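Written out below as structure tokens is the structure these notes cover.
Note that the chains take the letters A, B and C in the order they are written out, and that residue 1 is the start of every chain.
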Amino acid sequence: MKGKLNNTILQVSELKTYFFTRLGVVKAVDGVSFGLKKGECLCLVGESGCGKTATALSVLRLIDSPPGRIVGGEIRYHGEDLLQSSGARLRQIRGNRIAMIFQDPQSSLNPVFTVGDQIMEPIRLHLKLGKQQARERALNLMEQVGIPQAKERMRYYPHQFSGGMKQRAMIAAALSCDPEILIADEPTTALDTTIKAQILDIFRNLKQERNMSIIFITHDLGTVAGIADRIIVMYGGRIAEAGSVLDIFDQPKHPYTWGLLNCLPSISERREKMTPIPGVIPSLIDSPEGCIFYPRCQWHMPVCQQKRPEEYVISGEHIAACHLYK
Amino acid sequence: MRRLSGIFGGRRNLLFGGLLLILLFIFLLDLLVVDRIFGPFVYFYLFFALLIIFYGIYPLYMNRRLTRYYWDRTRRHRLAVIGLGFIIFLVAVAILGPLLTQDPTKVDFPNKNLPPTGFSAEQSIYDRNTGQFITTETPGTWLHPLGTDDKGRDMLAMLVSGARISLQVGLMATLIAIFIGLIMGVVSAYLGGWVDNALMRFTDIMMTFPFFLLLVFIIFIFGPSLWFIILVIGLTGWTGTARLVRSEALSLRTRDFIMAAKSLGASDRRIVFRHLIPNVLSSVIVIATLSIPGVILAEAALSFIGLGDPTVTSWGLVLHAGQRSLDTAWWIAVEPGIMLFLTVLAFNFLGDGIRDAFDPRSQL
Amino acid sequence: MKRGGLQNYIIRRLFYAFLIAFGVVTITFILLRIGPSSPADKYLANISARTQDPSQVIEAVESRYGLDKPIYEQYFNYLVNLARGDWGWSFSTSMPVIELIKRHWIYSFQLILLSMLFASSLGILIGIYSAVKQYTRTDYIATFFSFIGISIPNFWLGIMLILVFSVQLGWFKTYYDTGLPMFSLANLKALILPVITLGTGMMAGYTRYARSSTLDNLRKDFVKTARAKGLPEHVVIGKHVLRNAILPIITIIMFDLAGVVFGGAYLTEIIFGIPGLGRVSFNAIFANDYPVVITITLIGAMVVLLTNLATDIVYTWLDPRIRYD
């Protein structure tokens, strides 16, 4: 994971993002490294609070600055470290080369501007197009993401759209400048199941037709199975396991991943009970010296409490942060 | 006995009602039969004392953990604590002060226009011998540590008396306004329908009158006396509370715990008293604390323009006198103003702190 | 609500405002009639004291005001007179009340207008800036000053300003000079202290509202979206946040009119001797000239009513969520 390959366009190394609060320092992202290749869909998976959103926000430096701060690491986009870039350079990249969409489309759209305006905004900003051209391009985008009667709907306000439509509009705005990377933070979580499927289709198309790299964040393993090329399982601000879709689903190695997969209700198997992972999510304030999954792990060893596991290579690009694989 | 207490919504309410009746009886007796032993103020005091004991102190005492929680959160606001400290100081002054200071109404012309201790002022005194005005420097004395006004009355005594008045007015007028507003708001929200409509139209009408103009208008018609002023301020100032309480109650009404209570068979009255009111109470306390300064200022403004109770020495009245002597005796205007300012500031600090303490979303 | 819906809303709102106006007028009438020593009696006493033939005058006044007729007739006459513009006679100034108002309203208007401009422009700017720079020293200072601003009794502030700037320093006159032409620099100068007096309390309040409204909106998700698009910070704040934050601010400013502004203007006029409607009403009180007092109170209420109406309509028009329901 740490080595640079030829078509790795984004390389995150030892990213540390901490939040400084009254109650202590919350280590939301505590040493996370991964790479993203062109045309690849990388899924960040984990429970709420594991740091996946914080990681994604850190890429574009969208962390709320008090109380959060990126305290260490590098994020290299085509070799350029985004954490050192100037504000102006960052703004060139945002929405233009790397775009992001968020979880709740209701609150992510500005209620007092029309949807059309909001889609046109990055177009006019980055591509410097005139109003008429921008509007045409926006119409195009809206049609591509499947918003019917786009010409009328451009003048609508967000509250007049349904949830699925709003999310499509967000995607349209994100795609407007043809970015290389799209970061999607739980884009389907707030939607109904049928709409979920439709939105996922859009993502799949993006990958195929535009060769777009996608970082897809979710807590739902089912969604992951449908779209990911590679998966990173996060826990407690750290990476637990990472590998290709097949690696993770067929040969999961980290105890936490086992727990996650066991939690899935299955149509094909017959099970008596659902088996949740015992214990509670750890507090990210007093992070322990050893493995952060230690208190909930059924296979723990003495060393787990003392030393933080490194990312041990299982095979190829499949790694697991667990002392079982030393 | 049980049926009776059931009607009233609890033994506590029954006891309160009973004591209230006794009080009313004594009041009427005093008014009509005997020779007016106590002024109307005393009855007000007793009424509000009962109210506060039964519905303020008792619940706080019974829910000690909750009280402590809120108190801890309030304590973290340094400004709020400072404000509270000042208010306590003021209360102490109001209660003990009159016993320790001179008579604020005692006129003492030879000693008029004395500056506060440590300052000295120029005064032109007409010298009968030479028939001219002599300008002398008069220093302040320790006899009148804050100076005297243009009629020789001791400033310190007047300020102390003013503190008493302001606190009385502030407390009582606010209680009246909050009380009315609370009832209006809750009834309106809970009963809904035409009652809600009618009450809200009425509230809208009352809100359209500019508060101060209405105050002046009513005092103009009915004449200025302190307890009447308090009554009127209370009767005109409830609209804000009513609106806020209503909107809170409305949002609570649709919340699940009310549905749950209803599905368990709770009666309307029970829901109102035991579920709605306690939940809006926290907002009401905040509104109350933040209304007190407005009330105090309203009374001060009335006295300042001359529509206050002339028999009572309030800060506004002193300011009124001070305006005339700006060039000769500046302290007459400065001192009561400072007191007003500090008092209002203290209540604003406290109110802000309480509001943050009660807001579950703010982390403290 | 579609396009036509806005019109319907306006019509409904107008009708409602009319109802409220009716209620206001009725309550004023009730207050008058239940007063102990009816101001009408005092008024009569005053008039009769000034004329040679009191009985005739009393008769004329009585028949004109219908004081001898039953209450519902009085009420009816009252309403009719108000609507006709016959607002009574002010004996203390010897002119019809409506004439009195025509002469003096402009002074109140200029005071209030200037103060509101001063207070809202500065207040909103400081409030927004304070919110954007939350937790910095500037924020704490601004918040501190706004606390002071809303706590200072504005009539005391006026006196203090006079004390310092007129008495001690002599920069301004202590009393407003009505001889100055309205649109002159000298007039503006004379209005500086009164505007500061009235405006400071208002400004402090506006700063707080602006700050809290901006803070609320800064937390919202669409701000993140705007930043993620690469928009420069001044566009994020100046366009996205502002447009959302400004709506509640405007409504609060307008609705505050009733409580804060009029009361404050009343006192400011008295202190500085500005011959606006507040001062006129004040003088009328001590002269027992009650038609003046009633009328000015009613005018105050009507202005509030109209402003509320206007604000409601403007808000509905500005907020797309309400307009396109």
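Here, contacts are C-beta pairs under 8 Å (C-beta built on N, C-alpha and C of every residue); 3 or more make two chains touch, one makes a residue touch a chain.
None of the values given here were measured: they were computed from a predicted structure.
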item: Distance in touch steps, counted as few as possible, from subunit A out to subunit B; value: 2
item: Chain separated most widely from subunit B, comparing mean CA positions; value: A
item: Interface ranked first by C-beta contact pairs; value: B-C
item: Centre-of-Cα separation between subunit B and subunit A, whole angstrom; value: 56
item: CA centroid of subunit B to CA centroid of subunit C, Å; value: 25
item: Cα-centroid distance, subunit A relative to subunit C, in whole angstrom; value: 54
item: Multi-partner residues of subunit A (each touching 2 or more other chains); value: none
item: Residues of subunit A defined as touching subunit C within the complex; value: 60, 62, 66, 90-96, 99-100, 102, 104, 107-114, 121-122, 125-126, 156-157, 159-160, 170, 173
item: Subunit B-facing residues of subunit C, complex; value: 19-20, 23-24, 27-28, 31-32, 35-37, 39, 147-148, 150-153, 155-156, 159-160, 162-163, 167, 174, 257-259, 261-263, 266-267, 270-271, 281-282, 285-286, 290, 293-294, 296-297, 300-301, 304-305, 308
item: Residues on subunit C engaged by subunit A in the complex (per definition of touch); value: 134-135, 220-222, 224-232, 240, 243-244, 247, 319-321, 324
item: Complex contact set, residues of subunit B against subunit C; value: 201-202, 204-214, 216-218, 220-223, 293, 297-298, 300-301, 304-307, 319, 322-323, 326-327, 330, 333-334, 336-337, 340-341, 344-345, 348-349, 352
